[in-house]
Amino acid sequence: MKRVELIDVSKSYDKQVDVISNINVTIEPGEFFVLVGPSGCGKSTMLRMIAGLEEITGGTLKIGDTVANHLTPNKRDLSMVFQNYALLPHISVQQNITFGLDVKRMKKEDQRKKAADVAEMLGLTDYLDRKPRELSGGQRQRVALARAIVNEKPICLMDEPLSNLDAKLRAQMRSEIRRIQRSLGITMIYVTHDQVEAMTMGDRIMILHEGKIQQIGKPIDIYNYPANPFVATFIGSPPMNLAKAEFNEADQQLVLGDKFKISVPVEEIGKLPRTSMTVGLRPENLYPKTSDKKEGDVFEVEVTNVEILGNETIFSFKLGKEEWMAKWSGQWHIDIGDRLSVHIDFESLSIFEEKSGELIKKTIDYGNYVANKEVSS
Amino acid sequence: MTFWRKSVDGRTAILYLLPSVILFSVFVFYPMFRTIYLSFFLTDQNGTPAINVGFENYLYLLGSSEFQNSMKATGLFVFYTVPLTIILALFFALLANEKLKGVGFFRTMYSSTMGISVAASSVIWLFMFNPSIGMFNRLLSLFTIQQVQWLLDPEWALISVSISTIWMNIGFSFLILLGGLQNIDEHLYESARIDGAGYLYRLRRITLPMLSPTLFFIITISLINSFQTFGQIDILTKGGPSQSTNLIVYSIYREAFINYQFGTASAQAVILFIIILVVTILQFKLGERRVHYQ
Amino acid sequence: SNSDSKTDESSSSTNNSSSSSEGNNETNATVEEKVTIEFWHAMSGTGQESIEKIVKGFNESQDKYEVIAEFQGSYEESLTKLRGVGGTKDAPAITQVFEVGTKYMIDSGYIEPMQKFIDKDNYDLSQLEGNILNYYKVDGELYSMPFNSSTPVMIYNKDAFRAAGLDPEKAPETFAEVIDVAAKLKTADMYGFSMLTYGWFFEQLVATQGGLYVNEDNGRSGDATEALFNGPEGLNVFRFLDTMNKAGTFGNFGTLWDDIRSAFATEKVAMYMDSSAGVAGAIKNAPFEVGVAYIPHADEVKRNGVVIGGASLWMSKGIAEEKQEAAWEFMKYLATPEVQAKWHLDTGYFAINPKAYDEQNVKDKWAEFPQFKVTVDQLQDTVPGLATQGALISVFPESRQQIVTALEELYQGKDPQEVLDKAAEGTNRAMEIANKTKK
Amino acid sequence: MGLLSKIWIYFLLLVTSAFVFFPVLYAFLISFMTGPEIIQGKFLPESISFENYIKVFSRLPLMNYLLNSFIVSASVMLGQLLVCSLAAYAFVFLKFKGRDFIFFLFISTMMIPWEATMIPNVFTIRKLDWFNTYQGLTVPFFALAFGTFLLRQHYLTIPKELHEASQIAGLSRFVFFWRVVLPVSKTSLVTLGAYGFLTTWNMYLWPLLITTNKSVRTVQIGLKQLQSQEIATEWGVVMAGVIVVIIPTLILLFLGQKQLQKGLSQGALK
Amino acid sequence: MKRVELIDVSKSYDKQVDVISNINVTIEPGEFFVLVGPSGCGKSTMLRMIAGLEEITGGTLKIGDTVANHLTPNKRDLSMVFQNYALLPHISVQQNITFGLDVKRMKKEDQRKKAADVAEMLGLTDYLDRKPRELSGGQRQRVALARAIVNEKPICLMDEPLSNLDAKLRAQMRSEIRRIQRSLGITMIYVTHDQVEAMTMGDRIMILHEGKIQQIGKPIDIYNYPANPFVATFIGSPPMNLAKAEFNEADQQLVLGDKFKISVPVEEIGKLPRTSMTVGLRPENLYPKTSDKKEGDVFEVEVTNVEILGNETIFSFKLGKEEWMAKWSGQWHIDIGDRLSVHIDFESLSIFEEKSGELIKKTIDYGNYVANKEVSS
């Protein structure tokens, strides 16, 4: 249980300056902190700085209460899952897993037991005597994970630790990691590209983009109230649909991409800027037209693409130049070129100021369903 | 010395380097300084400095046609032996790097020349070069080609010595290069093979670049070693005929151990040292830039 | 100092006991009382075998002294080693040094002249071969005990002589005769004459004409300062070789003993100069009849004979007295006719004690191989004098190298006088430095 | 690999290795010849006789020499491996001021001809009183710029992630060196080991200069004792000696090359 | 456009026999063939065999019409994205990408153009001059992808080519790969762990488990009619819930895990076996109770875990020893320990024979919604 604090931390490489710039964040002891961001935004770099593998070019890193900028990695008392595994090629899986324990001179007997436990958990029991090169990609990744877990260090850094596992195993691992992290009170910093991991595992998420923090917050808050269009499109899959919009004073309507005209409730009118703005709408909020909907907010769109995922169907259509997507539960028999009616609630729109990207109208907390109540929509 | 204390790495480095540093100081640097010191003296027959002559030894050497000849011979010798040894050794190493049954046997054969002392192999070569009974001349006469006075003809002697030297060094270079080849990750070839790259293409674009640390190493070492060749000269030609194989180190040896002129011997050693130093620095400056490390 | 030497003796003897248990010594019980000395030699092959037998004989012949013979590499190498320990108590009691090292040894201060023991012991020197002793005597004092001595001889192929219509029993004696015979012997595959490219043979050919190598009476009356070998005698030799070389009757087989010997054995050359110690090998290896003759001399002078070559034994200074005594006893043992006979037969080196030639086993051998007798005759026929006593210079090895280079250049067609002068110049410079730096 | 290219490679292997091995084979044949056969330049012995071998063994305490050589060579090998791998580690994995300079200083030790330093070293050994000891034969060779250089080149190819992962696992520098760097560098260690062993095995001048008796003498001195200068050398015996001395080295090379394995660092990274 | 045919193909390693056993499948020219399976099941091995990097220990591989078992990789005329990228460390990104073109002696000029195009597409333009080690994990993966794409070989093998990319980029890549594959008519064999990729990209999916084929078919068919419980739980996330069930003759009810009693329509009764069976139900078919449902098939469950993913909520409950999951659209405020009512339709159940695992009752084709019709449930 240790706090990790980054104060104004920056990082430049020879070939690329400001890979990370002015990061300020405090990761609380025992927190599960998830780091997401597009490929190449600096996530691994940040982890590596915290681990002490990469020099910090600016700012201060505190681990616990000590400034750790110049602490060597082995003094930082943390464990890490490398994005590229970094297994020791010359020793067996078992030895790879217990390597850190052996260093601490734990008894061989105990080591074996621990290794067996964690291998059991990760489905590696049959592979303990193999060399890493005799494993499949996913198996190697699990070894890397096992090695970090078994050490039980107060801080653990994981860089996309589940990226090469299948969905089933991944689900299992998610809950195992979470369980271990909670039961040992580990401070976890976790990089992932997986929406589900990001949404379900973290106490907080931080979204990084081009080395800058975009937003930090609880997963659900970020989902519901993204601080800017970037976050809006980054979290949630398919991403939130965006369009330029303007308020038409005459009709008291919001015009999206010159096409969707959405009537604005009176009490909201005052809050809207009169300049153009960016409007966001999550695909799942483009509802199929139901009988009880009034005509006003129903629009007809032409399907340009359809994907059936099994339990949901995603289709795209054009809104101006933007491609919008809608996600409907279940399997829909939709063909490209079909014309569908969708309806949009003003409440479910997120509205951002165009220039600064600031969120000016939040979507409603439409998760307000209460257990044991019946569903309305 | 204070900067050492600045980092833990620095202090650890001292510890790790200590054995080498102590041994080098005692067995290399001390004698080297002694050599430099001696190079400014004329020594008596017991090798103790007698008369300080300043740079006279150097001036004498640089003006002496014999020494110039030595330098020229050494340069030629290096030029004859180093590239060929490395190319041949690389060729053998590439062959022996294939995954084939019984390849260990061939590897042993290729490296066998390393297992024979310079003295022993020189004797063997002496037999082969022998003008009357040697293999080579008998082969030539078999094909009714004009016989060659391998070690007796000043035109040929250096070439003959070079041939035997190439043979002697090939085992060593082979072993080093084979080690380097073994160290290249097989995976690198996979994608190239899928891309349709043929053997030579892979050799040029993957093997050689990935082998570059080893190549760099073996070139550097071979250059240095070649400048210091001694044993085979002593046995095969004793520097002759007409000084044509009087390589610098042999000349040093003769000056020191036969003529007991430690002053000029030392001066030669210092000059040789400087030459090798310059060559090596050049090699590092030009070569290491092209070396790819992980 | 006595106790000093005692302790180091015991330490050296424990040191040796470890070797003797693995080696071939069998003197374990009495090792404490015996005086043990080391004998450093440079004899390998058959020479070493013979030495070891002799040493064994000595050790068994008495129970006061124990000699341990140790091979120390070539003459150059063992001399280099001696310089590391010379004059200290670590030095061996006896060291074998080649003949050209004589001047160096005398000047080194490491050694005790042999004459001291000869005088003390009233040893009768006259029983030894005078022509050998001459070389090692300086100012009438014997500095070292001659040991393995050899002289050059000319070896020839009698069958080839017959084939060329020459009398195989009459070898050519003068340069002109050799040139002549060589021309007759020359065939498509065979040269007439050859000589190892080695300074020693040149020295001999100069000396047999009575020519001096250096000034100051061949370096025997003072430190030599100037080379004389580029004088008329030396030039004779070079012309002699040059003539044949130009005529294509001379075969150049380089600087290695074995090359020239195999050339002879494979009938690539009909006559060549070899060491007397090489005669046995030549006879054994040749598939034809081998003749041995005196070395040739220039036509205009009479033969002076040969200079002794090989090596002698030196006694160290600064070691315990009883060790010196032991060494002296051993040297005396060495000089006995029986030992010398054995030595002569084993190796082909001369017996330093001519009585050895009267031993039956020698006689038997000579009967079988009359060629051996020629070598001894040539030595005994030698006219004593400054020339045949041999030159005494400290830079001999360097000078010999100069001669080798000169010969090689000669064979490449350069002017004889020119190359000789160059060699003389080099020798002069070397002598100058040596004299300058001498303490 | 196709059959055709396999045949082709085997062909090349056979021809070239025969060329390389020919001189050794020639020596082997000579070792069975009698003196006249050799000096007359025969290629094949008329009869296989072991006489020369018997002579070698009877003339020299060869087993004793071989044992000494083995002890000396093995010690030098181990000493070099240790000292060089430590130094190379410092040059690759530790950051300190003047690293490149010191490395180059190390390299520069290779440029000094050994012949030039030999005499002072003999004096040093004498001052240390190491004449006729194994220390004297071995210790001066423990530090080897060549070996340090070779290992440095190898260490540089070790993926840096392994260093990083080890640091994170809390490995001390030494443990990382011992448990990761060394095993992963096996090929180079084997190469260096072979080099160290064989060069020591083949060393002549140094052992000669610092031994004065048989107790610790090595086999090359023994070989030299078989040759003479003025008296005709029995080359058959010499070659028999050469063959006897080569055999252990060939065995060693055969065992050593088996350790040169592919892909030791394979599987480390994604 | 080439056919790839595997006839009875098997593979054993030294340390593991039958990594792949008796695979029979024909991949049609121009087909997009997706290979999925749990980590370590032999997917990469299969690709590597097709590529010629791994010896085939048994059976016949045909590429086009020729037997390719002993063809060298360069003769097979295919390209591949390696799971571990296999980039050449010593050359730049640009050179890595054009490696295959260079082999074909394409003009430098053309190479550069092609590389620039594909780099543009993959967002690598800024990194063309870097060495692979100076890239982030995702960037490296994109280089590997670029290298395969640029070659335009008739057959392309991709081993988890998008695993290290963020969701947004991944969505983009998905459609790009699909587009290129279609436009060039490439025969694609594609390994993935991603459900969305598997469902949306492939013409057919093959599910591999322990080296054996479990099912081959269209994605939606596999989703709807999994051939056995393994496939059922492997495809779909969260996986299909399984429980042992017995038919209670007396009540004419199906009893799931001793708890859920589901009435069986009369016409179905005959089809059910009388022995015990395995019943599967997808999480999305555990509907929230709505007012219009009859009591019979509504069950009360106790929530043991909740995960809110933003646009959907997943909660777990115990059914006997099994943990079941339900997935509801939208964000639900559910707490652990809450008791919820869920309802189950008999129609949505999949029923497998217990022993053989054979599917005996399919779920209904509940994707029967027609576009422009209104939603009923």
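A, B, C, D and E are the chain letters, set down in written order, and residue numbers restart from 1 in every chain.
Methods note: a contact is a pair of C-beta atoms (placed from the backbone, for glycine too) under 8 Å apart; a residue touches a chain by one contact, two chains touch by 3 or more.
Being a predicted model, the structure only gives us computed values, none of them experimental.
Colleague: Both chain A and chain D are touched by which chains?
Modeller: E
Colleague: Using the touch definition from the top, list the chains contacting both chain A and chain E.
Modeller: D
Colleague: Return the chain pair with more inter-chain C-beta contacts, choosing between B-C and C-D.
Modeller: C-D
Colleague: What is the distance in Å between the mean C-alpha positions of chain B and chain E?
Modeller: Computed value for the inter-centroid distance: 60 Å.
Colleague: Between chain C and chain E, what distance separates the C-alpha centroids? Give it in angstrom.
Modeller: Inter-chain centre distance comes to 93 Å.
Colleague: Return the distance between the CA-based centres of chain B and chain D, expressed in whole Å.
Modeller: Averaging C-alpha atoms per chain gives centres 15 Å apart.
Colleague: Give me the residues of chain D that touch two or more other chains.
Modeller: Touching at least two other chains: 1, 39-41, 119, 159, 224, 227, 235, 263-266, 269-270.
Colleague: Provide the list of chain E residues touching at least two other chains, using ranges where the numbers run on.
Modeller: 72, 83-84, 137
Colleague: Can you list every residue of chain C that touches 2 or more other chains, as numbers and ranges?
Modeller: In chain C, 77, 80, 258, 262, 266 touch at least two other chains.
Colleague: Where do chains touch, given as pairs?
Modeller: In this structure, the chains touch in these pairs: A-D, A-E, B-C, B-D, B-E, C-D, D-E.
Colleague: Okay, in this complex, where on chain A does chain D touch?
Modeller: Going by the criterion above, the answer is residues 48, 51-53, 72-74, 76-80, 82-91, 99-100, 103-104, 131-135, 137, 140-141, 147, 151.
Colleague: What does chain D use to touch chain E in their complex?
Modeller: For this pair, the touching residues of chain D are 1-2, 269-270.
Colleague: Would you pull the chain E residues touching chain A in the complex into a rising list?
Modeller: 13, 15-16, 36-40, 42-45, 83-84, 123, 130, 134-139, 141-142, 159-160, 163-171, 175, 193-196, 199-200, 219-220, 223-224, 233-239, 282-284, 288-291, 303, 305, 307-313, 327, 329-335, 338-341, 366-372, 374-375
Colleague: Quick one: in the complex, what on chain E touches chain D?
Modeller: 70, 72, 83-85, 137
Colleague: Please output the residues of chain D touching chain C within their complex, sorted ascending.
Modeller: These residues of chain D touch chain C: 35-36, 39-41, 59, 61, 64, 119, 122-123, 126, 131-132, 205, 208-209, 212-215, 221, 224-235.
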